[in-house]
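Next, two complexes with chain A in common: one pairs it with chain B, the other with chain C.
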Partner chain A sequence: MSGVTAIPVLLIGLAVLVWFAASLSSVFGAMLAGRPVGLTELAVPGRGALRLLLKERSSTPMPDALLWRLGVVLVFTVPVLAAVVIPLAPGVAVADLPVGIVWWTALMALLWVGVFMVGWGPNSAYPMVGGYRFIAQALAYEMPLAIVVITVGLLAGSLRVSDIVAGQEGGLWYALWAPAAFFVYLMSATAQAFWGPFATPIASDLAGGVRAELGGVDRLVFTVGRYAALVVAAAFAVPLFLGGHHGPLLPGWLWIIVKTLLVLALLVSARWIWPRLRLDRFEEFAWVVLIPLTLVQLFVVGAIVLLRG
Partner chain B sequence: MQPGGLPLAARAEDRDGLPLDVLYVPLGPVLSAWPAGLTLQLTLQGDVIQDLQVDTRHFAAKDSVRAFWNVPWHRALAGDEVPVAEAARHRAAAHLDSLARFLYVAGDEGGALIAARLRDEALAGQTADRLLQQVATLERRLVRGRLLDRVTRGVGRIEPQRAVEIELSGPALRASNGGGGRPRPATALGEGDARSRWHQWLAETKQALQQAADGGSATMSTKGRFEGPRGVLGQHTAPSRALLGAICETLVGQELAVARLIVASFDPDVAELDEAGEG
Partner chain C sequence: MTAAVNSADALFLIFAALAVWTGWRVFRTDSMVRAAFLLLASFLAVAATVTLMASQFVGAIMILMMTGEMVLMAVFMVMFMMNPGGLMPMQMVHQQRFALIVSVLVFIALTAMILLVDWQVHTTQMPEDVTYAIGEGMMQEKMLVFLAAGVALLACMIASLALALHRGRYDRYGDRLERSRPVDPGWPG
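Right, the complex of A and B next:
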């Protein structure tokens, strides 16, 4: 199974993981609020989705309707398209492109455009400030993320995702070859999905930011898109850093699922652990600490690759 | 020209004397984790606040309704015998309520949920010892990694001298290193910024809970000054009036991004203005 036949598997997998992420987030919230936690948390995302589907779509005076609706669709489609290069089982991916990691990076960068359009469209102050915030945030995380992805490509000597997985067969995972890169990847991936400490464009201090004027089905598509971005970022960490399907005893596809769930749980929990970062201060940290750190990591990895021959 | 009935942005000189579009954006009266009924009419240029007007008419009570958080002290002012422990518990709950709102605005959803739960438990009669333990756990969470400190440091600073001039009282004054009465707890920083204010709330919550634990059956004396959760009550102006003054002073020149954080760090109570016959 490969190519077109893997598309349904990818879509169903994404949907289940989005559901899992939303339920898990609701479980963490219930634990902190001291509510009893049960299997009913699994119904929370469904209930929220149903409520949004029944609600009227909202609009504003003089919106840029085309860009606004297009932005919402973009926030949803970009992560799904980026996911086509992710291996679903040993040797199975929708498209194992020779430039796989470049495809993923380029697609996810389109999230900027989508989120900014959602902020720009409604002709309203808070969404607009939220949209600008995301551009500023991208300025902070995108450079370190790009360097990290290059680091992994350098280790494997290839931009093809299946080659990167093969490069970790029987050896150390790239998370151990390049721990700083792995850490920066997780941080940037959270920022890319504007999740948790990086939820600045949809922040509570902006009355909801870019999604302040979204109602009904638009809000649902936007929210699902955001979860999908988080899921795809977690899933992509598995082939890049955690050895893909490699692991003892269990079959490869199960290893991929287990590793993806663990990374996803880690990212989801960040929301309930840390306060939101202030962008002006994170910007400084990104350029003064993260970029030099990732560059040093890149040089160290380069030296390792040269020495190994 | 008014396309779609919306006036186009007018221009005015900004702080550097450059002509820039002026935008009028209201904050409130209804936002999550916002002092209910408060409206700030902001005048923005870019995302910098150039001017603001306070408006508290929206939710003005028809009859004189007592602000919920001040109830024990008003009863004492009216001559009732109020147990010290009961008032202390109410004070702790009020500070936890302010803290929950502040944490929500600062984006610490988990901390906000914990603070709100502790507030409810304090009002529902959970033992003071148990509450003290849980507040200590919350404190460890908030100081962990010093992230919240970094986010709130230097935000909305009121100098000690100025704090006295604008008649701040209560925790906000002590967070600016002024005002005696109550000994300043060790963890509070007294720098007059948002960081000092949330540390102050936390410290005074613990202090009040300790008082509630030790309280016994003593009642509050019916003479002297009464300090509610937000400041001295029974004066000609409500403590929240001074807090609004502090907000007006600190907001001008700030970016929209920190406006909510500053307001939440003072946390005025509009109901308090109503009861003082203002608003």
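Right, the complex of A and C next:
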């Protein structure tokens, strides 16, 4: 099974993982608030979605409706399109492109356009500031993320995701070859989905920022898209750093699911563990610390690759 | 010619037409943001045509670069425009006579080049790894061009930042850069 037949698997998998991430976030929230945690948390995302579906979509005076709606659609479709290169089981992916990791990075960059459009469209101050904030955040996380992705490509000697998985067969995972790169990837992936400590574009100090004027189905699509960005980033960490389907005893596809769930749980928990970062401080940290750190990691990996021959 | 080649040609023509149409619309809109995103759409269509010519790497990297470029324009909007927010209509064309002359001349020159240059027909086998071949080509004889362009871009970036910044590192770290922690507005320190 591959190509077109894998599309339903990918879509269903994404939907289940989005639901899982939203429920888990609700569970963490309940635990921290001291509320009893029960199976009802599993119904929270569905209940929220139904409530949004029953609401009217909102509008504002003189919006740029085209860009606004297009932005919402982009925030939802871009992570799905980026996910086509992610292996779903050994040898199964919707499109195992020869430039897979570049495709993923490029598509996820279109998220900036989507979020900025959603901020710009309603002709309203807070969403617009939120949109600008996301671009400022992109300036901070994108360079380290791009260098990290290059580092993995260098380790494997290929840009194809299946080659990167094959490069970790029977050897150390790339998370161990390049631990700094793995750490920066997790951080950048969280920032890319403006999740948790990086949620400044939708922060409460902006009355909800980018999504302040979103209501009804628009808000639902935007929210699902944001979760999808988090899920796709977590799922992409598995082939990149955690050996993909390789692992003892269990079948390959199960290993992919287990690893994806663990990374996703880690990213989701960041929302409840870390305080929100001030954007200007993160900007400075990214340029002064993260970029040099990832560059040093890249040089170390380059030396390793040369020495291994 | 097989059917596959024909459908690829059709796709190429569609994306090429899309690139030209969105490129034209850039100058027909009165919104700066729409102009930027139409230009991005034009570049993405070009990236699609490049991908159709078996250069997947260049296509994907074009999506990344052009997206980053257009979004950075939004940052420059904040830095330099009177009205970075709001939907105030503005004229996208100016110096029309000069621009018209230049564009007609450039069009004639490019068209003449297309018609006059003796284009080599590709007869050799396509390289096994196109990305590798492109990388080798760029890093060898084209290296000087890339270095020169890189330095020029860096100079532009520094100059534009120097124009836009109202607080530099001497404001943050003191006249002799003596403070260990920067002093920023709204931040105790």
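Here is the rule we use: the second predicted complex is superposed on the first by the 309 of 309 C-alpha atoms of A that agree within 3 Å, B and C clash if a C-alpha of one lies under 4 Å from a C-alpha of the other, contacts with A are read in each partner's own complex, and residues count from 1 in each chain.
Rule of thumb we're sticking to: contacts are C-beta pairs under 8 Å (C-beta built on N, C-alpha and C of every residue); 3 or more make two chains touch, one makes a residue touch a chain.
Note that this is a predicted model, so its numbers are computed, not measured.
Of the two partner chains placed by superposition, only chain C is touched by A:L67; chain B is not. When the shared chain is aligned, chain B comes close enough to touch A:R276, but chain C does not.
In the overlay built on the shared chain, the residue A:L97 is in contact with chain C alone; chain B does not reach it. Judged by the touch definition given at the top, the superposed model places A:A125 against both chain B and chain C. Using the contact criterion defined above for the overlaid structures, shared-chain residue A:A33 touches chain B, although it does not reach chain C. In the superposed model, A:Y141 lies in contact with neither chain B nor chain C.
In the superposed model, A:L107 lies in contact with chain C only, and not with chain B. Of the two partner chains placed by the overlay, only chain B lies in contact with A:A207; chain C stays clear of it.
Touching of chain A by both chain B and chain C, each in its own complex, is seen for residues 62, 125, 129, 132, 278, 280.
On the chain C side of its complex with chain A, the touching residues are 31, 33-34, 37, 40, 56-57, 60-61, 63-64, 67-68, 70-72, 74-75, 78, 84-87, 131, 184, 187. On chain A, the positions that touch chain B within their shared complex are 28-29, 32-34, 61-62, 125-126, 129, 132-133, 197, 199, 203-207, 271-281.
Taken together, the chain A residues at the contact with chain C in this complex read 62, 64, 66-67, 97-99, 102-103, 105-107, 109-110, 112-113, 116-117, 120, 123, 125, 128-129, 131-132, 135-136, 138-139, 142, 146, 159, 278, 280.
Residue ranges on chain B touching chain A, taken from their complex, read 3-6, 23, 25, 31-33, 44, 47, 103-111, 113-114, 116-117, 145, 147-148, 150-151, 256-261.
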